[in-house]
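Each of the two complexes below includes chain A, the first together with chain B, the second together with chain C.
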Partner chain A sequence: MKPRLTLRWIVFAVAVFVMNFPVISTLVTAFKSPGEVSRNPSLWIETPTFENFATVLTTSDRLNIYNYLWNSTVAAGIGAVLPIVVAFPLAWAIVRRGVGRAILFPLVVNLRALPLIIFAIPIYMMFSVAGLLDTRLGLGLILAVVNLPLALMLLVNAVAEIPHEIEEAAHMDGARLPRLLFRIVLPLCRPALITTFIFGFITAWNEFLFGLMLTTSKAVPMTVGASFFFATSGGGVQWGVAAAVMVVAALPPLALGLVMYRRITGSLVAGAVKG
Partner chain B sequence: MASLHLEHLTKTFGNQTVTRNVSLSVEDGAFCVFVGPSGCGKSTLLRLIAGLEEASSGRIMVADRDVTKVPAYDRDLAMVFQSYALYPHMTVRDNIAFSLRTAKRPEDEVAAKIAEAARILKLEDLLDRKPAQLSGGQRQRVAIGRAIVKQPKLFLFDEPLSNLDAELRVHMRVEIARLHRDLGTTVIYVTHDQVEAMTLATKIVVLRAGEVEQVGSPLQLFDDPDNIFVAGFIGSPQMNFFKAKHQGGRLFATDFPDQSCQAPALSAALAEGQDVTVGLRPQFMGLEGNASLELMIEVVEHLGSETLVHARPPGSAQMMTALVADGRNLAPGQAFVARFDPDRLMVFDATGKRLR
Partner chain C sequence: MASRQHRENALLASPLVLFLLLILGFPTVLSLIYGFSETSFETLMQPQFSGLQNFRDVLGDPTFWQAAGFSLRFGLITAVLQCALGLALAVYLAPLVRAHPWTVAILIIPMIVAPAMMGLMYRLVLHEFAGPLPHYLYQWFGWSPSFLGPAHVFKTVVLAETLQWTPFAFLLFLTAYQSIPSELREAASVDGARPLRLFWKIEWPLMLPTVFVALFIRFIDGFRVFDNIYTLVGSGPGGSTTSMSIYIYETFLRRGEIGKAMAAAILLFLTAFLLLALGQWLTRRRRP
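Then we have the complex of A and B:
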């Protein structure tokens, strides 16, 4: 191997290690026994154990990781899909009809810049009246609001990339608006839709503030539930269990990202117009 | 199949009028070409007929039905776009079938029509490909296929050949002409290429700045243009023009007054001293005729069967072009006496209107 190539690989390896150190450290800790965690801070595991995972995956009256996972899956699912359902027709109307282009679009996109905490009190009060507190639907709805700006931005760009003539051709072929939207525009936005879904799902899955504020027992999401494991024995933090719950909590969005990423292909508009 | 009537059609964008008071009739089965320079409003006129733009005023009648306010998807027309505008996520088969499935035609009918269109356009081997896997000419054929399966009242073509290379353009031009002959559907075709217009059309509409300059058959426009714009636009190479003054039955070139020629016979006599513009087609300048212009050859282009001579009168910057049948011995720097029949001269008044 040439020296330059070797050096390049060393730099890559160091960069990968430094950037992923928190992940590696958590993963290693998850396989250490409580005694080893306090005795051996290195990345080397002397006696690997599944004890922490067993603790995490065993349900008790107080802790049920399967419920947290299910709650997060449902709420993040709603929080990822609903913004697409709302933003897709809106994005088309903004791009093709100019509806809300001047005020609504920048307003919605700039919502992302506001700290979410300022919505906390009014939302809590509204949810309380509407009976949405501690429900997966309620949590999903608020996560949808959190994801809407990004979804709208991505989908507006995606619709704007579709050559106008393709839509005009569909009109000439007799397609009214619903057929145009669902048979032509929607399939052509597929990469953006998948990207929006993945980003939305991961953002919703990782959301902590509204999970903590709007749920108490029935709809507690994984992020909030994970924090319950930090002191399972009532004493100090059990780092091994905490690390194991973090690993379990990180797996579903990771798997989703890996599976869906393959479906994000390049532009689908290739070959549509001259070239 | 259907006729098309436009009545006082006007389209404005903001304070800009793109088509102005256009009235026109296109008979059933005609091949009507809108031709004109860039920005003359020909594509806008086509889009008004298609329903992709809304008319500011006037009426559009297709098969005696007023479609002015009817949306594009209900007009029962088919359009071939300059950029092809194929659906990139669908196969060729699904692209062609889209309008039929939109109209909820039975699947066996859809399959039969796809097969027929594929046979006519030689697309049989390409039906399962996506547009990205096709060449420019193949994409254009798919776009045409998509139009013909619909059996529309009118075919609208918006500069369909302008993205193809020269050889393919000639080939597709013949294909489109053949298709029109076989299907007999009325065609409205937009181009800025007057050769396309001359070769394809049964009727040409020459447009300038949103207004119709002249309507007629290709040879009518070539032989008998109404004004200097149509005379200059139709015909390749372009008509030669020079300013002249009428004196004593002769036309004296303003730029090279030592040369003159006999004025053509006109129904209304030219006034003595009247300033006019004289037009003479390169095809009518050659080695025979009663009148002549003495020129100095600048450039000679041998096209094989004929020769294009670019020359100017001595002492003048006015370039003229002659298309001569036997010009193999001509060379730059030689004197060239371009002979012509004075009756071939066209005379235009100061406003550009033809004096007949």
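Then we have the complex of A and C:
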């Protein structure tokens, strides 16, 4: 007996439309001319135009979208790679030798549930002394902390799935620990490394609170930069331009997420079930 | 041999431990110092020990309690709504997803959009003149509520959070639903159980642990909410959408009351810690 899907398609379409209504509205508005935006707030575009995108991409030095995009790319890159670097050796040690299973592992994993604002203030003070305020490196470092719990969990899962025999065989062949780790375990973990990186990059790109607090001008990330376009300077918000900015800002994580959706959903579920 | 293993183990753990000590350990010490001191941005380097004064200030601040109440209500309501909607969608759409796996990718789009951006997008959606939602409400019903006014702002932010994160609950429930052995369902339908009975007798009990996990995760996330509320309405009309995170942020950066903000952060940390411990104790008790 095959279940009828027609009604399910309708429910699916309604759910997608309602949940994505802001995204759809933004996308539509981004293609309306300034005149049309003030005249026609409906979801129908009378005369589609790329005007807003042209404005955004040739924007002045005060609101430079290329800077925001570059800052987000660098900071999110650091925020996605660093957790893998520091968590990988420990993940192996946790699985194969039980190192840190009692305290360190639960401590790191539970970090994820803490409100970020708790760290934001002392880190602001520390960064102001260390000269890391308003730098991409500083922002990247703290984004790495945000990503660390899930990175450690995903890597622990990955190492645990490697058959013991492979490592034992290598051990018999006299492979020392560094060689074992980097020549044998690391390549076998590649799928998990990619997932961890993608997931971490999206999370870091989408982060807002630390960007808001720890940057002011040079290192402002895209999420914070986008909110600048909503600051009313005189004549109110230019909705078409603001919408175009958001489309550009949301595009990188959306493209990554849609292409890699299987990995994303898998790691979300893995993260939740273990936590 | 054993001592070499010990050295190796220490070496393997050291990158992460050093990183944590540097980025979180040091700030933790700082927050303890400043939490018990009198400071301003001008005298940042000379904190004056002031005992429990900051904590007394925080606990005597009605805004703090208002924020705590807001976060608690917001976390509870959004968690329940998301789990109810997510569960219904997962169970109903499971056959569709099995036939067409790509539909999952479309359903999780809201989660991949930054919450801060979602808040900004709702500013457009709900705008009196430029927003599509008021436009259609006027067209169809001749009336539109003021979504961000004092009377409706709480419902609006709850709705925005719920619509963005229902896909998360959906995903967890879908996975749980798909992992129910098909023999169980077949056996039940051979016995003539109707779909609703099948759900309550077989599927619901098996998915119950996932329901608790989802409720807990969504509550924690709702409790600490910042991005989407901040970009949509800030602290809201009359401070009515001041969550705990927004309260601490404003105490620190807007009012420059460093010690008080730190004290509030320490209290928030203790609360979150207790919640986590409680959550873990409950799950541990459930599986002996």
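Quick note on the criterion: the second predicted complex is superposed on the first by the 229 of 275 C-alpha atoms of A that agree within 3 Å, B and C clash if a C-alpha of one lies under 4 Å from a C-alpha of the other, contacts with A are read in each partner's own complex, and residues count from 1 in each chain.
Everything below uses one rule, namely that a residue touches a chain if its C-beta (ideal position, glycine included) is under 8 Å from a C-beta of that chain, and two chains touch if they have at least 3 such contacts.
All figures in this text were calculated on a predicted structure; none of them were measured in a lab.
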item: Which superposed partner A:171 touches (first chain B, second chain C, both, neither); value: first
item: Touching partner for A:184 - first (chain B), second (chain C), both, neither; value: first
item: Touched partner set for A:68, first chain B, second chain C, both or neither; value: neither
item: More chain A residues in contact - chain B or chain C; value: C
item: First, second, both or neither for A:31, with chain B first and chain C second; value: neither
item: Overlapping contact positions on chain A, where the chain C interface meets the chain B interface; value: 268-269, 272-273, 275
item: Chain B contact footprint on chain A (complex, rising order); value: 163, 165-166, 168-176, 179, 183-184, 187-188, 190, 268-275
item: Contact footprint of chain C on chain A as seen in their complex; value: 3, 5, 8-9, 11-12, 15-16, 18-23, 25-26, 28-29, 37-38, 41-43, 82, 85-87, 89-90, 92-93, 97, 99-100, 104, 108, 110-111, 113-126, 128, 141-142, 144-145, 148, 152, 177, 202, 205-209, 212-213, 223-224, 226-227, 230, 237, 239, 242-243, 246, 249-250, 253-254, 257-258, 261, 264-265, 268-269, 272-273, 275
item: Touch list for chain B against partner chain A, complex; value: 50-52, 71-74, 77-79, 81-89, 98-99, 102-103, 130-134, 136, 139, 146, 150, 156, 163
item: Chain C - residues contacting chain A, complex; value: 5, 8-9, 11-13, 15-17, 19-20, 23-24, 26-28, 30-31, 34, 44, 89, 92-93, 95-96, 99, 103-118, 120-125, 127, 129-136, 160, 163-164, 166-168, 171-172, 175, 213-214, 217, 220, 223-224, 226-227, 230-231, 244-245, 248-249, 252-253, 258, 261-262, 265-266, 268-269, 272-273, 276
